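Here come two complexes built around chain A, the first alongside chain B, the second alongside chain C.
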Partner chain A sequence: MQTLGDHKLPHFFNYPPYFTLQPVRETREKQIQLWKELILDYCRTQKVFIIGLEEDFPLFSNPGIERSLNHEAREVFLSAIVLDGRAEWMDKSHRQCLILWHRIKDWADIILNFAKENGLEDSVMTVEEIRTGIESRGTDIHGMDRGVLMRALKLLENKGKLAIFKGSSTDDDGVKFSV
Partner chain B sequence: MRRRPGIGGLQTAAAARDSYRLLGENVAKLRTDLMKEQLSTFRSQLEDFARKHKNDIRKNPAFRSQFHEMCAKVGVDPLASNKGFWAELLGIGDFYYELGVQIVDICLATRPINGGLINLEELCKILRQRRKGAREAVSEDDCLRAISKLKVLGSGFEVITVGKRKLVRSVPTELKKDHNEILELSQAQGFVTVEEVERRLSWTTGRATDALETLLDEGLAMIDDGHRDGKRRYWFPCVSSVSSFVASETL
Partner chain C sequence: MVMLAEKMRQKLLSGSSSQVAATNDEEMGSKEEMQDWLLSVGIVSPVTKESAGALYHQQLSRQLADFVKVPLERAGGIMNLIDIYCLFNRARGTELISPDDLLRACSLWEKFNVPVMLKKFESGVMVIQNKSHSDEEVFSRIRSLVQKPDTLKSGVSATDAARTLGIAPAMAKEHLLAAESKGFLCRDVSPDGFRFFINIFQDIDPNDAYLVKEYGVYDSWIRAAIPSRSQFVSA
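Now for the complex of A and B:
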């Protein structure tokens, strides 16, 4: 099986017609399904949060078979993920797409568990520490998109699980857990 | 003067007829008895054989196929009924029913990818992957046998031969001769172009595009506009084996 980085690629990735949007509805549905799964899987294992449609995203082309997805196909596949609630367009012209391989509420749960497991109840951490600190190393949280993290933290704040307080710069923004 | 037939003569004639008939009946009975005896010997021999080689029949696909052949020659169908001696002895009926159910499953699951036409080889491959835990090895012959039993369901399960390959069809659509020829042509590379169809089969453009459009609509073909030469390629998952790759991951 071919790999991309350490990500295993499914075999359809080597089958040329999967790089052309299929005109027949049922075939296209299956095609979209397979691409959706591949994109989400890849983003999860490679910790990719933002896909730029005009950029060289590794999944958008397969040099081995000399095929790449055209703009329309890219947009169709990502739109399908958006429709599933697993991604969001970041601009009106659909140039960038934010991939939520965990939904915001799932991220919130993960952060909460992380706090419990590390005995961080009632402690204070900066947002940067959560993202890049030793505690989160080896978890999905490590290196996560700041925007996504902030949204998950706000959700937790609304639930009363923590308090966010502003620092002198965004780097100093902190949270106090009250799990 | 000629004697006219008397009572005595008639009686003699009747007695003779009777004894002839009796004799005849006896001979016939002897023959049937002998035949019955031979048959029962044969049956018990076949049973003995089956009993003796039970494990081989179960586990060795090649042996199983030969056993089937032998049974077919003498007019015994171990699959005819799930009751009775064969089923009890070999469980052979259950084996094929199980295969049949799994084959239907695979055909349905891969239909979105291959449009309901699957290479027999692929089918066996997926079947084997699915049955990893099962003791019995499965051969293509077994698949064919199981599929032939599915025919009674009338759901359109059929094995068709296209070129060198056997394809299992699980959709009721009838493939026309034109479509078969395209499928056969595609076996070389996995795809064809309109030009190629025109050239190789000496068809008009209209005939070629018509046939290809139909195959596309049936979900049997996929288009590929990505090649450098800019010519649209029509790929056939049922012949180019990607179906198993995709399917084995979704199953």
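Now for the complex of A and C:
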């Protein structure tokens, strides 16, 4: 099967009309659904958190069939994901889109489980250690976007599951779990 | 030219409506010549608002139905209304009809048993077509056209469809757009141009995008378009 990075692409990625925004309502709805799934799937396997609309996001073009999504199409598909609550525009002019292939609350659950599985109750860890340390290797947490991680941690803090404390630099920011 | 034509027409009209026979051979000759000329361009004698009075549109309607037979056949059974307007007025020479007259005359066809009809596409384009050139017939021909191995892979342009259907590209495009709005085709717009493909989206399960139903449209498309199913393209 065709791959992009190590992500397996579905066959319809080679269908030229897939790259043209369809005008007929029912057809467009189907097309949007397929793009939403593909974008979320791809971002999850490739750990992509931010898509820049004007940048060369590899999923938006298929050089094999010489087609790529125009700006309007990109915005329509990403807006559909935003509407689903699985992405957020980072700016008013819709140039950058934050992809939440896990929702913030789902990230929070994943981090909580991570803490439990690694016996981190009552222990302290820096935010960077959570993100890049050995314990998180092989999990979705490893290499995750720092901004998203902070939001998930704040959510957990509000639930009383941990306490965030600032270090002398952001590298030293840490959490104390009280799971 | 117009003055000459007007003179001729007056002579003809006075000749046909009066009971007095032609006064001399010369006049007879010129009248016959005139009728010959008119016959050669397809109009026996122009129906005018004067000669037909209240029945004007009805008579125009019948004359129009007769007139369009030949050009319509030549055009493969479907023609743009604007083209008919030009052809018809050119043939009449004088006493040109207005677009409104044309439209009214065509609309009256419904009432008569004529083999032609007026049709308006969703895009607003108005055409005249042979009743035998039905939408269903064209639709099924488009269906077979887009499911051939090479058209599954590369789609069809309006020109391709025009060639197969034997009609003008502009008319073919209208039919393709109609098929698209029925959900049968998808468009592909690129620097290569404007092409249509069979719609495979309808055959893909959004909850399982990697599933290919056997013998479905998606399956046919894959067989035609993807030579090897194990290509590896790295980013």
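We adopt the following convention: the second predicted complex is superposed on the first by the 179 of 179 C-alpha atoms of A that agree within 3 Å, B and C clash if a C-alpha of one lies under 4 Å from a C-alpha of the other, contacts with A are read in each partner's own complex, and residues count from 1 in each chain.
The rule is simple: contacts are C-beta pairs under 8 Å (C-beta built on N, C-alpha and C of every residue); 3 or more make two chains touch, one makes a residue touch a chain.
What you see is a predicted model; the values in this text were computed from it and never measured.
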Combined model on chain A where chain B meets chain C, clash or fit: clash
Partner chain(s) touched by A:Gly64 [first = chain B, second = chain C, both, neither]: second
First (chain B), second (chain C), both or neither touched by A:Trp101: neither
Which superposed partner A:Glu26 touches (first chain B, second chain C, both, neither): both
Touching partner for A:Pro16 - first (chain B), second (chain C), both, neither: both
Touched partner set for A:Leu4, first chain B, second chain C, both or neither: second
Touching partner for A:Leu34 - first (chain B), second (chain C), both, neither: both
Contact breadth on chain A, by residue count: chain C or chain B: C
Common interface positions of chain A, toward chain B and toward chain C: 10-12, 14-17, 19-20, 22-24, 26-27, 30, 34, 66-67
Contacting residues of chain A [partner chain B, same complex]: 10-12, 14-20, 22-24, 26-27, 29-30, 34, 66-68
In the complex, chain B residues that touch chain A: 112-113, 115, 191, 216-217, 219, 222-228, 233, 235, 237, 240, 242, 245-246, 249
Chain C - residues contacting chain A, complex: 155, 180-181, 183, 186-190, 192, 195, 197, 199-202, 204, 206, 209-210, 212, 218, 221-222, 225-226, 229-235
In the complex with chain C, residue positions of chain A that touch it: 1-5, 8, 10-12, 14-17, 19-20, 22-24, 26-27, 30-31, 33-34, 37-38, 58, 64, 66-67
